[in-house]
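Below: the structure, in structure tokens.
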Amino acid sequence: MIWPQVSIGIAPLLLTIAAFSLPLISLVIKRRLFYHIYALVFTIVALLFAFVNFYLVNYVYGHPLVYLFGGWPGPLGIVYEIDGVSSVLGFLVALDMLLVVIYSWWYMKNEDGVEWYYTLILLIETGMLGIVYTGDIFNLFVMIEVLAISAYGLVAFYRSKREAIEAAIKYSIVGATATTMYFLSVVFIYGTYGTVNMADLALKARPWLTSTLTTAYSFLSNMSGVGYGNVFIASAIALALALWAFTFKSAVFPNHFWLPDAHPEAPTPVSAALSGLVVKMGAYATLRFMYTIFGSNSTLDIGGGMSLRDAILLIILILGAVSAILGALVMIIQDDIKRLLAYSTIAHLGIIFMGLGVGLRGVSTALTSMAIAGVVLHTINHSFGKTLLFMASGLYIKATGTRSINFMKGLGKIMPVTTALVILGLLHLLGVPPLGGFFSKLLIYNALINSGLAIFALILILSTAISILGYMKLIVTLLVPPRPVEFLGKIREETLPVSVLSVLAGLIILVGILSMIGGIDVLEHIASGTTSANGIIDYINAMVQTSMKLIGGG
Amino acid sequence: MSLEEQVTLFIMIVFPLYLLSFTLYIIRAIRGPTIPDTVLAIDALSFDIAAFLALLSILYRSPILISCAVVLALWVYALDIYVSKYFEARDMGD
Amino acid sequence: MKKADVFVIASIIVFILSLAYITALGGLGPLPPINVRRIAINYLNLTYNTFTPYLTVFALESVTSIVWDFRGLDTLYETAVFYAAIIASIALYRGVYMDFKKNTEKTGLSPIAKTVTRISLILIPTVSASVALHGHLTPGGGFQAGSIATVVIVLSIIIFSRYFLPIHGLSKNKALLFRSIGLLGIAITSIALLLIAIVLGVNAYIFQNQAKIDAPLSFPSLVDNYILGGSLLFFNLFEFIAVAFGFTIVFLLLSISEEKVKKVTMDG
Amino acid sequence: MYVNETVVYIGEILVAIGVFCDLAASIGMLRFPNFYVRLHAATVGTIGGAFVPLIGIALIALGAEWLGTYRFFLAGASIITAIIIIILAPVGSHVLARATHKARLVKVEPKVVDHLEEDIKKKEGDKNA
Amino acid sequence: MLEIFTLTLLTLFAITSVVAAYLAIRERDLVKAVVYSAIQSAMYALIYYVLMAPDIVLVYIPVSVGLIPAVLLFVIKKTERYEGD
Amino acid sequence: MVNEYALFAAYVVVLSLYVNLGIALYGIFARPSLVKKLIAITILSDTANAFAILVGYRWPIGKLPKPPVITELPVTRKVLETYTSTAVDPLPQALVLTAVVIGLAVTLFIAFIIIQYYRLYGTVNIHKVRRR
Amino acid sequence: MNRLIKSIPISILSFTVYIVFTGSIKLYDIVTGIIVSIAVGLITTNIVLENPKKASDPKRFLWLIAYSLKYFFISEVLSHIDVIKRALSPKMSLNPGIVRVPYETNSDYGEALVACSITNTPGTVVVDLDKENKIFYVHWIDVKTTEPSLAREKISKMFDEYAKRIFD
């Protein structure tokens, strides 16, 4: 019975090993084709494992799955713990990265340094899968760094471009500060709770659960003791530091300034991965901290009136709202197509963070689950949509040789398929009904309205309305009758990138269809595994049950 | 008085003197006035600290702490070399 | 002082004071604590414990045990971070080649320093190898030893010149080769028992060192009553190689002359 | 009979000498007027203040039975540290002095004579001529 | 006795490190700043030593006293020495 | 007397860490030179590391704390008991070990980028670049 | 193979360092020590050794030991006392300057030995050297003479003679 367990732990590890051996092979084999195939093979393998995990968690076991590294029980060793949300996101990461790698095949055709590029791409995927799967806050820190440093490297990939290097510097200095703050937060948490395991923390932060989960409690207090010092204050400061780091990583309002520089300057497939996936990791970590560890009725949620957790959630809501508006507003005046898309990313992250802020006290679990389902769905939608748009922008840029929208007038006539797909993607991001984007915005909107946060629901609508202008500008520019353009003859649409775009468009439509035929219910069920009390109990129990098997004879 | 107590007492007596000289070194290191002065002070300070660390490991009765002294001695020498190279050469790699 | 500076300073002071105030309120209890935490006692207890044969590392050093056994995954990915930084730097320098110049007599620092460095070429690698190979017994381990060994690399680049290492057969590509071998060694050690277990049809964990209650395989830990620490020894050895050569790459890249790099990296 | 005691006492004497040298060196560091003169104080600090006490510590460790089996490690590592110091410290001072002189960071003042400066000037004069 | 002694050491090292860090940040000559930051790192290494963390000292001294100043000096040599305004 | 002094000294140490944190943040956000920012980043991560080690320390009251390494062989129950009751917490040390290496990696990479920045802009002073 | 034989002196030195640093002679230490010392020897032979025959001559080692005894117990002590006196006396009697000191030893190692010995005795520091004319430029805290040969007499005659015996 090794197989189902190993598939959880092995996927990121395999990618790391692949990344480790690529430079070694590059000393021997210099064929460009080989690198493409190499990266492709390993991303496909990772996708298989991610799919297996997704399937196992949601359809076979129905409760979170745990892998103990080194055969050490729970809080002693590192634990990978996959619940519904993380299995979905892991699958999304693997799928999206596969498309990015296929697209890179075309995009990196004439670039040098492909072996380093693919090494870093593999490490980015390692980092994201690790973040999503891990059940340990310090391992989360390490994985964030794996992700971050490969991202810095890829942003600086066009080394002779001034803007790229400046963006990389900004990104890396800000990122280094943020991760150090997160490390400080981990130290605070360890100092207080005496553990860095998420499930363990989830139990320790909920004193009321100890009477329900007596076995787990006795096991865990034997392993990692009980709290130490003033738990309330230390958790508050740890959470503040951690959220600061996560908002940096997700580019939410006061800390968004690096994103519009960094994302456009990377090679286009990397921009797609950064905007589509990497920034979501901050939101995912926030979800873990605000719902799994310090969820409702936790240490931070005590006292009358507005609890500290509510205050933090409100701050998250406000920050999300500000970035939603700000991103949409600034997007309108952009002339650079990649910058426009980057600002749109900020707006959408604002929406995601607004969804994350719903779980205030007094809001029912069903509503919170709805909001989290909306967050997950919006993450999926935005990933596909933004990946599509960035990849298409890469096609345009290669065709015209510039990133300015003004020079792209009339490209719709010359590249009809691409433009059609781009319009589909834009409508998707806007939230036009039959497409996926509509349902996620609807879910978040419903959750906000029903939990008495009508103003934020209005802001969501407002942000969408403003961003229509920006998107329309792009669509209109692409569709207007072309002026006599000099590049008319030499542009043609190539098969490979366009087929990747078509796959993404298909996925977008698929998400829409699935949402209509009951996918939302499934997603809400999955999300309730993170938000509801029973879900948390499952989360803790899964870790404890697996760990206790190892203690047995000892 | 056993040998152990006697050695401990001896180290305790020696220590304030060490700290005093460290303080003087640090004052020189911070006052400068030029970079070579600072580096020279750090140099002497660190070699003395290596000896001090060895004494500490006897005082704390944990002999395994000693390996740090070697490392300190090695790397402070390297610091000298970098700074000299910085001033002497046109390029660090030459 | 500018207005922005004042603002920054003020906000930082507020941040610091609030942090200090919160700690003073007992955010972490008395600092430093009087007793270690329960989990620490568990770690200390399981480092070398013949009484719980299925839950122990069989090494004497708790920190190295945590680093490479209890939380080995962290360390693997930490190595990956370091690796990513080096790969990103190489990617920044792609297309730049080292130049060879046969004579190192005229370059570098004073001849006395050169002569003495040659002696320390014996001394330092020996010491660092000792630190690496006793990582499971005394403080130290792969990374520490690797960074001690880096002294040699740095010194020879700075004292002799950038040509010294390539002349004596350690070019950037060779260093990359050795580094990759070290990294692959780490990776293979981490899944070695798993691979053997798949062949034998038994259970095993990734990063497993000693036998567990449901996983019977283990690395050799005691040979002739001498403690080997199981996989820690291999991890330390490979990490030593990987780190030393990783730094070699970094400093070789840093030492390339600026004109040469500019020619390649400035134009598209 | 009293091997341990003797060894330990010798070691303590060496450490005491070391501390004295150390203090003197640090005072010299503060009082001496310029970098070149301070170099000599630094030499006192490294040889008298680090090398000698490290040998002394090695002796103490050999005699200190309460430290357990690892005392040999202590002694050995102290000796290696001492050797490293006596090999590397002079090179450090020399290299620093040379760089300082080459880069003209510090004036050799007060001075009786500066042959190095004279020779450098002579060489430059030869080149120019 | 030993407690007081340990505490005194810690306090001294901590204060020195603050002074060195302050100077490192305020200094306009970047080479000096690097040297000051090396002092600060050495003081932290001593704090780790007193706090019984030999493993950290072993990794920290090479990294913070040795390698990072080396890298920074390489950087300063390749870029510029004084921090403007 | 001892206890009061202990408390005072502990506060001084912790406060010094916070002050260093503040100095480092000031360096990162307010100093114009990128190299200075890099130095500040190293100081920042040092501070976090020192804090972690302090959290894992065992106060030297009664027993002398020891490094987390077993030095007595053979390891009997008694040896283990003394070991667990005197050694300091190894976990923060392991975490800091990882964090130091990660900080080093980031620093190395930022250093490389700063050099490249200078090649392209001719300065590492961001104020000067912004003014252009 | 030739290289292996050539590297034996270095390997022995390396092995000694390894064992002294480890401080124990269990089987594990000896086995790893032998492996490490052979590896270090093989790698560094061509860099470190000029003439392996010299390195395996016991007479030279005896001279080295005699030299170090004389050096540590006489020259070092005297010069330490001198400099400490200067540092502590209320009126510093300084008379510094840089003087030429010629040397005679021929090998690199001899040169380094003399230079390190001069620098390691407080009161004299080698600032620079001229390899072609075989001159050290020594910063001397108390310049008694500016005549190079007399300065050699005062500073480095003993070191130079022993260095010739040990390394030439």
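Going in written order, the chains are labelled A, B, C, D, E, F and G, and every chain counts its residues from 1.
Methods note: a contact is a pair of C-beta atoms (placed from the backbone, for glycine too) under 8 Å apart; a residue touches a chain by one contact, two chains touch by 3 or more.
On a predicted model such as this, the values are computed, not experimentally measured, just so you know.
Contacts with chain A and chain F are shared by C.
With steps allowed only between chains in touch, the distance from chain A over to chain E comes to 2.
More C-beta pairs in contact connect the chains of B-D than those of the other pair, out of C-E and B-D. Greatest Cα centroid separation from chain G: this falls to A.
Rounded to whole angstrom units, the spacing between the C-alpha centres of chain D and chain G is 14.
If you average the Cα atoms of chain A and of chain B, the two centres end up 48 Å apart. The distance from the centre of chain C to the centre of chain D, with each centre set as the mean of the Cα atoms, comes to 31 Å.
Multi-chain contact residues of chain F (touching two or more other chains): 10, 19, 25-26, 38, 54-57, 59, 61, 64, 66-69, 71, 87-88, 91, 93, 95, 97-98, 101-109, 111, 113-114, 116, 120.
Across the assembly, chain D contributes residues 25, 27, 39, 41, 68-71, 73-74, 77, 80, 84, 87-89, 91, 93-95, 98, 102 that each touch 2 or more other chains. With touch defined as above, residues shared between interfaces to two or more other chains in chain C number as follows: 19, 28, 30, 32-33, 37, 39-40, 43, 61, 63, 70-71, 74, 78, 81, 84-85, 88-89, 92, 109-110, 112-113, 116, 119, 123, 127, 131, 138-140, 143-144, 148, 151, 154, 158, 250, 254-255, 258, 265-266.
Here the chains touching each other pair up as A-C, A-F, B-C, B-D, B-E, B-F, C-D, C-E, C-F, C-G, D-F, D-G, E-F.
Across the complex, chain D meets chain F through its residues 68-70.
Only residues 70, 73, 80, 83-84, 87-88, 91, 94-95, 98 of chain D touch chain C when the two sit together in their complex. Of all residues in chain B, those touching chain E in their complex are 12, 15, 19, 22-23, 26, 29-30, 32, 35, 38-39, 42, 46, 49, 53, 56, 59-60, 62, 64-65, 67-68, 71-72, 74-76, 78-79, 82-83, 85-86, 91-92.
Of all residues in chain B, only 64-65, 67-68, 70-71, 74-75, 78, 81-82, 84-85, 88-89, 91-94 touch chain C in the complex they form.
Interface residues of chain G, counted against chain C in their complex, comprise 10, 13-14, 17-18, 21-22, 26-28, 32, 36-37, 39-40, 43-44, 46-48, 108-109, 111-112, 115-116, 126, 128-129, 131.
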